[in-house]
Amino acid sequence: MKQFDLKVDTLRELNQYLHDSPDNEVHVINPEGRHCVAAGVNHDADVTIDGHVGYYCAGMNKHAHITVNGNAGPGVAENMMSGVVRVKGGASQYAGASGHGGTLIVEGDASSRCGISMKGIDIVVAGDVGHMSGFMAQEGHLVVCGDAGHHLGDSLYEAVIFVRGSVGELGADCVEKEMTEDHQAELARLLAAAGLDYPTDEFRRYGSARKLYHFDIDHADAY
Amino acid sequence: MSDRGPDSAGVAIYNEPEDPSILKLSLFAPSGYDWDALKAELGQALDAEIDYAVHATHALFTLPDTDFDLDEWLRKEHPELRVMSAGHAIEIYKEKGLPENFVRQFALQDFSGSHALGHTRMATESAVTTEHSHPFSTGMDLCLVHNGSLSNHNRLRSFLRKQGVDIQTDNDSEVAAGYLMWRLSEGDTLKEALENALQDLDGFYTLAVGTRDGFAVLRDPIACKPAVLAETDDWVAMASEFRAIAQLDGVENAHIWEPEPATVYVWGGQ
Amino acid sequence: MSDTKVLRESATFPADVLAEIHRAADQGIYDIRGFGTKRAVPSFDDLLFLGASMSRYPLEGYREKCATNVTLGTRFAKNPIELDIPITIAGMSFGALGANAKEALGRGATMAGTSTTTGDGGMTEEERQSSKTLIYQVLPSRYGLNPDDLRRADALEVVVGQGAKPGGGGMLLGQKITERVAEMRNLPVGIDQRSACRHPDWTGPDDLEIKIQELREITDWRIPIYIKVGATRVKYDVALAVKAGADVIVVDGMQGGTAATQDVFIEHVGIPSLPAVRLAVEALQELDMHRKVQLVISGGIRNGADAAKALALGADAVSIGSAAMVALGCNRDAFTEDYEKLGTLPGYCHHCHTGRCPVGVATQDPELEARLRPEQGANWLRNYLTTMVLEMQTLARACGKSHVLNLEPEDLVALTIEAAAMAKVPLVGTDWIPGND
């Protein structure tokens, strides 16, 4: 197990080590809100970060399991490909932005635009999400155990959103949809992966009404 | 702070003096200015005891708060001076260059007070000068800092000038400051002024406004420019990035959240 | 005598404007098309070189060297981009273009010793294999973006905007969203793609600085990072790009093309390349960054004269998009019936958005694509680039330069007052530069 103390070691040393070494256990202390911590990891390392991180922690993560024992700034796990990123505290804007795969778990609240442009990632938030979450979300799942802010799923494509708490004003083309058994099973799997124990029938499902898939003059004011 | 902006830095410190009738004036002049001469002149004009302390390129004058029209006097007698702030508690210092140099130059560690606003700038559309730095003073004991880019500030600037607001630069943030000053002079409370700002300002902005005994925060309806708030029983803090707040005492137990779009948050009085 | 009919067109409502109003009344939506600005704007054509004279001596063609190599990305990257010629191929997506076109561009550019750029759809295997030097775009949509491609790219290009539509996002209509395109972009087949105009995880240059840090961290600071902007507030943008940490800045003038966007965007937003290059160079000089942060100019570059003039004004290189497509056969006089089916003719076609490109360049249809053989397309492109370079060298030698980057503004004069003001070179026959006090 290798430890990096970002009071003493540089971010560059940490990230280069994570990129080059096949080492499977790395512990980071004193991140002090630095940006780009553990960005671009490309093997199944277990990375634990004790403290708060800034922007783009675990950016473009592939394979690795990364845990932040603190809060994460904007863009945590942005464009993640696979692996698991877990934030014990809260996450700022754009959590999981454009993520292609893997699972992002936020145990606190996630802020606005959570899951923006998501392309296959699964995001599970134990707390609330802010406004414009799931904006232009194309593929993947967003699970919100708390409340969702305004304009949820605005301009939604085929991503699926589950919300347990209240939802503000829904975004353009986002509508509540029926929860089938398949959806319940998928939701159960996601909650289990996050280690959360809520009954699936407390959630509602949201998806695209698909009215914006081809331009229609009658929907012009949705643009 | 340098990460977010290398161009200039500034701070508004609120430090209530023991005598609440004292007025503080932060003045900026090119280096080598004869502050002593100004002290003598101003003391004579006011017929009162005044004093000053030099902080790098600024001088903080303390004088009695009277009916004397300081603005008018300074404009006529000393147009070369820039008034950075005026008020009972507020002191604004700002300069070009990196934040780390600013902190050193002004020996910020020697200051104290009840609250303060700090800002570092990455100039988007106007020049990098001392005057273009934030915080902007919007009136007695008021100041504003801005992260973002307004899109309709040019026409608003002409309009505000016609209302008598003195806007000196082409900086969009100064227009936001001038707008608030105008609304307050029209009788709005701070909350009302900021609610009006939501209607009249266009573009992207996170605004933090300093008041004599508190501060206010406002994000535009799209709310892309960052903002985070933290509150404990003892203090409340706001920043663009959490790491600015991360070293405050008791932050582990603070309630941390991000302000909602198009919502006015006010702490303290007006 | 009065039997002769006189047809008098209105300058305010000429035929094409009338047709457009009729179409709008019919369809209730803006006109979407491909290609670039069609109306005339001040351009490099309005500048002339001052060749050799009694006071300035020319170089012999062929025998006396006129070098054309350029290095992009010297500021921070460990591995800057070395190009044999100062002309690169601009970003065009797989989706907008077919796979054969992307392969032809890669192979042709490689033969000519220059780079190509991916587009708003991600990197295809064909283009990575065929292009020796490949610039990988990071766009607001993030379609297909992934760290493996980031790591095997030779440079990254963060796209803030493009000349055809500064402030607009990508557009691809349903007829071009085939299974392969849909899979790369994570979209349902056959829908009209809506694209974001802002990046999902940063807003503003203060955030962009941190985003660039992230891209450098992921690629271990090996490769250069470009920032591309559509030409609008060029001076502010170039200064901000420098502050945000760019190695290279790409400024795309309003003439820049697109495969699909609103006509109103193409024709009425952005500024021409001519003033853009001068403004960009001024901004770099004010920051003492000229030649330290390299400048690439695109948007309506068509020949060696355009390229040479852009370099003379201070650019380090130019980039071609539409012109490269034309070299591959765009608007070529063949398959006329297919042009007619689109309601157009060779020489007038701007119908990339339909996916029915008669010459197989901007299409996903296999039957149409077969009309462009990658090998032939590659040769065409290589020949065209070679011609451009020979033209540049001809002009540079005539001005006494042994390297095309030694061309300077004083080698130029302007034919019109507008061009003189925009390029800040004298009106020919005078000492006058409008706007200089």
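Think of it as A, B and C in the order they're written, each chain with its own count starting at 1.
The working rule: a residue touches a chain if its C-beta (ideal position, glycine included) is under 8 Å from a C-beta of that chain, and two chains touch if they have at least 3 such contacts.
Everything numeric here is computed off the predicted structure, so don't read it as measured data.
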Exercise. Looking at C-alpha means, what's the farthest chain from chain B?
Worked result: C
Seminar exercise, completed: Chain centre (avg CA) closest to assembly CA average -> C
Exercise. If you tally contacting C-beta pairs, which pair wins, A-B or B-C?
Worked result: A-B
Problem set entry | Rounded Å distance, chain A centre to chain B centre (Cα mean) | 37
Exercise. Chain B to chain C: how many Å between their CA centres?
Worked result: 44
Exercise. Taking each residue of chain C in turn, which ones touch at least two of the other chains?
Worked result: 207, 210
For this session: Give the residues of chain B that touch two or more other chains, as numbers and ranges in rising order.
Result: 3, 224, 226
Seminar exercise, completed: Listed in rising order, chain A residues that touch 2 or more other chains are 35, 54-55, 74, 93
Exercise. Considering the complex alone, what residue numbers of chain A touch chain B?
Worked result: 32-35, 52, 54-55, 71, 73-74, 90, 92-93, 109, 111-112, 130-131, 149-150
For this session: Provide the residue numbers of chain C that touch chain A in the complex, in ascending order.
Result: 27-29, 141-143, 145-148, 150-151, 174, 186-188, 191-192, 194, 196, 200-202, 207, 210-211, 213-214, 217-221
Exercise. Can you name the residues of chain B that touch chain A in the complex?
Worked result: 3, 223-224, 226, 228, 241-244, 246, 256-258, 260-261
Exercise. Which residues of chain A touch chain C in their complex?
Worked result: 11-12, 15-16, 19, 35-36, 39-40, 42, 54-56, 59-60, 62, 74-75, 78-79, 81, 93-94, 97-98, 100, 113, 116-117, 119-120, 135-136, 138-139, 155, 157-158, 212-215, 217, 220
Problem set entry | Touch list for chain C against partner chain B, complex | 198, 203-207, 209-210, 233, 236, 239-240, 243
